[in-house]
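The chains carry the letters A, B, C and D, assigned in the order they are written, with residues numbered from 1 in each.
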Amino acid sequence: MRKDSRSAVCRSFAVGFLMLCLVCALPVQAQTSNAAHQQVQKLVEANGANWKQVSKQIWDFAELGYHENKSSALLQAQLKGAGFAVESGVADEPTAFIASFGEGKPVVAILGEFDALPGLSQQAVPERAPVTAGAPGHGCGHNLLGSGAALAAVAVKQYMEANHVKGTLRYYGTPAEEGGSGKVYMVRAGVFKDVDVVLHWHPGDRNAVIDGGALAVTSAKFTFHGVAAHAAMAPDRGRSALDAVMLMGNGIEFMREHVPSNTRMHYIISKGGVAPNIVPDLAQLDLVARSPWNTTLQEIWKRILDVSKGAALMTGTTVEVTDIGSDADIIGNDALAQVAQKNLEEVGGYTMSADEQKFAHDLQKTFGLDTLPSLDQTKEVEPFHKPDPNEPSASTDVGDVSWVVPTIGFTAATFVPGAAAHTWQAAASAGMSIGQDGMVVASKALADTAVDLLTKPELIAAAKADFAKELAGKTYRSAIPEGQKPLIDYRTK
Amino acid sequence: MRKDSRSAVCRSFAVGFLMLCLVCALPVQAQTSNAAHQQVQKLVEANGANWKQVSKQIWDFAELGYHENKSSALLQAQLKGAGFAVESGVADEPTAFIASFGEGKPVVAILGEFDALPGLSQQAVPERAPVTAGAPGHGCGHNLLGSGAALAAVAVKQYMEANHVKGTLRYYGTPAEEGGSGKVYMVRAGVFKDVDVVLHWHPGDRNAVIDGGALAVTSAKFTFHGVAAHAAMAPDRGRSALDAVMLMGNGIEFMREHVPSNTRMHYIISKGGVAPNIVPDLAQLDLVARSPWNTTLQEIWKRILDVSKGAALMTGTTVEVTDIGSDADIIGNDALAQVAQKNLEEVGGYTMSADEQKFAHDLQKTFGLDTLPSLDQTKEVEPFHKPDPNEPSASTDVGDVSWVVPTIGFTAATFVPGAAAHTWQAAASAGMSIGQDGMVVASKALADTAVDLLTKPELIAAAKADFAKELAGKTYRSAIPEGQKPLIDYRTK
Amino acid sequence: MRKDSRSAVCRSFAVGFLMLCLVCALPVQAQTSNAAHQQVQKLVEANGANWKQVSKQIWDFAELGYHENKSSALLQAQLKGAGFAVESGVADEPTAFIASFGEGKPVVAILGEFDALPGLSQQAVPERAPVTAGAPGHGCGHNLLGSGAALAAVAVKQYMEANHVKGTLRYYGTPAEEGGSGKVYMVRAGVFKDVDVVLHWHPGDRNAVIDGGALAVTSAKFTFHGVAAHAAMAPDRGRSALDAVMLMGNGIEFMREHVPSNTRMHYIISKGGVAPNIVPDLAQLDLVARSPWNTTLQEIWKRILDVSKGAALMTGTTVEVTDIGSDADIIGNDALAQVAQKNLEEVGGYTMSADEQKFAHDLQKTFGLDTLPSLDQTKEVEPFHKPDPNEPSASTDVGDVSWVVPTIGFTAATFVPGAAAHTWQAAASAGMSIGQDGMVVASKALADTAVDLLTKPELIAAAKADFAKELAGKTYRSAIPEGQKPLIDYRTK
Amino acid sequence: MRKDSRSAVCRSFAVGFLMLCLVCALPVQAQTSNAAHQQVQKLVEANGANWKQVSKQIWDFAELGYHENKSSALLQAQLKGAGFAVESGVADEPTAFIASFGEGKPVVAILGEFDALPGLSQQAVPERAPVTAGAPGHGCGHNLLGSGAALAAVAVKQYMEANHVKGTLRYYGTPAEEGGSGKVYMVRAGVFKDVDVVLHWHPGDRNAVIDGGALAVTSAKFTFHGVAAHAAMAPDRGRSALDAVMLMGNGIEFMREHVPSNTRMHYIISKGGVAPNIVPDLAQLDLVARSPWNTTLQEIWKRILDVSKGAALMTGTTVEVTDIGSDADIIGNDALAQVAQKNLEEVGGYTMSADEQKFAHDLQKTFGLDTLPSLDQTKEVEPFHKPDPNEPSASTDVGDVSWVVPTIGFTAATFVPGAAAHTWQAAASAGMSIGQDGMVVASKALADTAVDLLTKPELIAAAKADFAKELAGKTYRSAIPEGQKPLIDYRTK
């Protein structure tokens, strides 16, 4: 199957090349916005078949964070083939890369992710059927994310060439979004320093602009060290690391009342002792904390550290905090949001085919929901609204990028309406035409917006003004310690 | 009733005086031990009626710790009347006093207590019947303790005079044994510095030597200070002092497994918040810790302080530790114990009268025990045995004295066999002839031993050698902070 | 002072009577809405001086829930004087009453409260100065609430008489809103059965319509019974009621993560043991739970009961749940809200005098706020918006009424902007002209709306339709047990 | 090495046979006790070399509980070779067996164990050096236990034959003593029904009689089942099994104060959740409880079950209790103890050779002890004393046997003095001559005692009388559920 899809990719290289030539034939003058959008959307469509294939291959690869070797290599090869210069292995991350085209200002960047999730291996069928039981799968649709972002980049590059548009277009291949905080190290390495605006998108079950939102998140392992002793013969000589874990858990529970209600703190006991007749000298709590606001989260995180220290003090043990991960919340940008909303509405959604509708209805039956959302959701674009900090939300390392560069994003209906991210149903959707249809919606909206930003300096100025306003009085800080390197093996350790 | 007993005391003053004259008539040479014992025991008997009356009056007074004004005054007056020089108000304790007779070495001291317990008011009848409901009562028999010790002192003084015995005899009036740690401040004030041996006794339901034992105890109030907030409107702005109390409690519970099994830690929540819709900014835990060994307790107490600090750290509150009380364990002295055991066996117990037996049987019916101890227990003396550190035990500030002076003690059967200390049944026994009979047993044993010590320097030398051996490598330290004054109002605050 | 204010009341009776005559002279036909509103607002103004005096007297009385004897009597006397028929002592509540005028349908009711809060005694001055330290005070402005509602009722009655409006107008004197759930027993007694619409208002620091909102609340005392034992001698024979309280607290803390974030659960330990050396055989936790939705709260309450049972099971103790109080959330009514919003906007706010502004600025200095709200807030009416279930909110027994009758309410700016309810600052505001000015705003809006409802049957029909829609699939149930009588002494027990 | 030791075993078969002949030549009359003891002790010595080899082979096998296939087979083959009839696979335990000789009354049984401990693989050298890292090892010396018991049995059989002693001698091969409760199922299967007295021994670091003692123990896995949910998106929909585990742990901690101080309860968290962003639907606590008295433990175990139920009730989860293991305490028998003590003193200890002393000193250096016991400990026999229920102790399934048959035992100095059981140091000792020397001491004491019991009916009568007295009012009950089969895979599951 991989061989087949590889030749499909090769075929679509050829198509892309032809398309490029077509584009070159177009007139060189500045265009009206609508005309420019139409042109770049056509380029997206022309390149679409190839990148759908790429998305399918990455879906097949289904590689975990920081180990997306084949996925990253495929994206790099494709973007090189399309004429981008590629720098790989940036920010101490083997699978991170930057693909560039053009030069000078403005610098517009599009983010691409491509890591899979453990345990979500699933065929592209509407019932639970793993390809390989227990293996990773694209339950968050990052195969589409990375490919759709690249599709937009390629189309915009072709548009820039055809229209002699100045400026720099970049594609950031960003690994390990799922818990690896890949972009945080990239931010820290300074690779976004000269970028004017960052564009991104994420698969979902509806079409909408993402203007802020996402929960800031910090996570760590709290390992307590005590003194072992025979639990029946000499428990008084032991200092129980498990007691410390228990008391840290208790402390967290008592803290819940005294943090903002929209805070999340959740943990497991990853090491809880070896044998009941030995006072455990080692125990570990694996904790995640989230808040709509990174600044608030930093205060809460200090208190969580105090809880861990208090638990150690109470039990005569010591505590070690390791494996720290952290993503910031996304800083909204209303100036960019206006442009993005207009563009997404112009692109519109897509209408499922009869086959897709059958697949979708079958899949929806597995949701266990009382009321199912209409399949028409894929056709529609949500009206603009700011995110409600009290609504449930996920976390993403796009947040950290948004604290250093004005950022705007989209979500597109790549999952059967009602399918939640991080489920096999999302993985199934991401591996077939529904996901790919949604991906093209996102690519077009990204491409339109990138073209706007490259050709209208006033938009970038407005974005920067809004950026300054949003961050007034706030400082970006990641909870990841200064010297920490990317935790390449965070999934396997 | 009080008037009556007062005149009874006056009458027995007269008896005492006559007795004194009788004693003076005795020959002046050194005597054999047995003869000496017979003589001093007779003096005890001769003074007995008066001191039984005194014990009854103090039983009537039933005054709480540090407020034993009438009880202390009566004892002082009686001892002055018997020829002792009295220094009162020592060690910043208004009701503490030292009554002295003689001069030079050796210095032998007898301890006397006289404080009552809250809520144990009880008539001298074998069913629950308070004199005044809710008022204090002598549920620990300290009315007998102080009087019996004084009876011994008076008899020994008379013996010393009659036999021209050299040396100093002292009676220490020691207030607030019940939770007030009265003797600790006396030790700290240095009033035991020149004492060679300390003798003491305590009411109980059997006749035995007390050679060590008693649990070292430290207690304090842990007050946490947080930040109040409306619990429904803004709980996140609050820092709950009650949370800290709860977590301190949890911390103590988790500690239990990791201290020696014979440790005791018990607490109440003395302040748990004012209204449920306000995050408590003040909460308090009132904790007592005990161990057979003061040195062990000191280590445990440090850990308890750490638990309180950990609880504060976990909750963003602060902790204040006040009202610290502490008694050490009793350091045994085997050299003295041998003498004491011999003397007690020589004295023997006492046999109840028919009326006393009736009272005792009636009282025993209220114990709710499956098997009742025999009334013969008052007749017998227990064979000598060292205390088992794993047996339940009480605490006493005699412990602190025993860390600075060689100390030996007795218990005598003043309570109906099976009656526990700190019960109304003990209070009833202590107010009638059973208690008074047992008191005389103790007085005789104390008097015999004092006479031995005053007349046989080798006994004091042996006691000191044993004392040095017992304390080798140990240092006396009270958990009561250096500058703390006696907590005169510890019962009422 | 009380005498003076009484004569002031007498004087304003006379004024009211004159006013009544004036009104009688008006023409009898139906009026346009605006004209009707103008007429009834004038009647409010004409009666205003008297009811301001009444509000001041109740402020002086400052009586706690179910013991508002003078306050209730004064309101009853005044309403009788104004021509209402009064039924007192309804629903087993000595201070509850219903004042009625007119007959037949429709039946429009206005709610009045008059209880004070413990500890908030305060003079009408802008610095902390209790009238009597520790005494109750009107920190929630219920002196204004009850008086302002009565003022509206009297004006509407006069309007009805003047315009021969048919129907029944009722004033419900509802005691013990603050934690006593007075209205719940009234609902249960059926006194709202024939009411078509209920109107209410509440003092605040802004002018707005209350269309739903308020947190449903349930509270109780959880008393655990164990077995006492000496904590040092025989702790194994004890079964600690305090342990049960601690574990119930722990259980509640662990529950927090698994209830909706906008739930509130808060508690104190009202009885935490008597002496640390006794294993507590009795301990008590006093708990309040809240949720935006009564139905959700009922589920949560069941789980809280399970936590208490679990704590008893864990500790070998038993649990008793007493003193149950409960208020439902307010069911909104959009049909009524439209009318109410229009009317409130028509009435508008009020402008502070120079003296009032001085008072307000002085008071604001005591708030400790970084940014202070503008005093202009009293002039403005907030645009209509539905309450956000995630915003902090209080609770009220108006909620229970709203589950059985269509209900709409207002808040008016009676407190200096920025003053929170249940503070001395609110009490100060409620005792002077600022509070009284705001009260008149509320009275006018209530009167306008009552007149609309009495004269426009279609409004009542719309209200009922909306009511049915809102409650579809929901059932009203109070957590207060069926047979429980009002807890008349809930404040003192 | 195994080959060598096998031929050694073969050789010693021959020796055994010769010895048997020697014995046959002895006179047949009844003997004085001393003479009998001398004779059977000589038989022990004669068979000693062979059984030392067997002990070494089992030490090499080092097989875990219920999987002691080679060890059991070797013992069975050896005992068959020595003339015993062997029944294997009794009580549903593949490695359990009974070897019998003789017939009729009395029936005297000797217990043999042979299971190893996980992770204690160790060469017979005085520094840490596993044979195979992580593999099992004989850290409790059961290789000696099973071999030494068999050596005694063989010697006693030879004595019986030589002296025409009537009665039945049995060797019980009892698997899985270490946590598998192998003997409990054997008791339940009734295989001890007709036994008059049971003898046993256990390796240790001193020579003494075991008259009772050992802690009763019950253990189980408490698995909680809840409802999974996304911990950030919908924690309110989850019911956390980990919360239940935490609250069960808390509940156990709060229980500690209210059980006898010599109780032990210790646990680990064997399953604490899979990923911190998922509310755990499964979590597990693995708990062991111990007490000096099985009857007390049963009461405590009920309370532990209540704690687990309370935790489930508090959290909306369910609890499953599986993998229940349980050993009773050992019921002492003073009549047998007298005989045993006399016999052990008669046998005496053994004196280490110079090489053994060197080994012992080297090993003692690894103990980390401040004061080391003298090597002379192997030479001495401890004076008789009843076990102190407050002293630390281990657990054994010999306890269950002692509840159904009068039982007495020995410990012998097989470990270098100061080496604790369940350490690599004990394993090292058990694999060389020190262990084997101690084993012979035990074999002789067992053999002497068996001969006494087989030849003096009055001893058995006395043992039975004492047994009846000890158990008066007590009933044997194992916490292992009625229908539960041996947990053959308890080590690997």
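The definition used in the following text is that a contact is a pair of C-beta atoms (placed from the backbone, for glycine too) under 8 Å apart; a residue touches a chain by one contact, two chains touch by 3 or more.
Computed from a predicted structure; not experimentally measured.
Q: To reach chain D from chain B by way of touching chains, what is the minimum number of steps?
A: Minimum step count, chain B to chain D: 1.
Q: With chain centres set to the mean of the C-alpha atoms, which chain is at the far end from chain D?
A: C
Q: Could you work out how far the Cα centre of chain A sits from that of chain B, in whole Å?
A: Inter-chain centre distance comes to 72 Å.
Q: Can you compute the centre-to-centre distance for chain B and chain C, using the mean CA position of each chain? Integer Å is fine.
A: So the centroids are 58 Å from each other.
Q: Averaging only over C-alpha atoms, locate the centres of chain A and chain C and give their separation in whole Å.
A: Measuring from centre to centre gives 49 Å for this pair.
Q: Which residue numbers or ranges of chain A touch two or more of the other chains?
A: As it turns out, chain A has residues touching two or more other chains at 231, 235, 246, 250, 254, 257, 261, 266, 279.
Q: Sort out for me which residues of chain C touch chain B in the complex.
A: 215, 217, 219, 230-235, 242, 245-246, 249-250, 264, 266-277, 279-280, 283, 286-288, 290, 392-395, 420, 422
Q: Enumerate the contact residues on chain B facing chain A in the complex.
A: 231, 235-240, 243, 246-247, 250-251, 254-255, 257-261, 279, 303, 306-307, 309-316
Q: What part of chain A is in contact with chain C in the complex they form?
A: Listed in rising order, the residues are 250, 253-254, 256-257, 261-262, 265-266, 388, 390.
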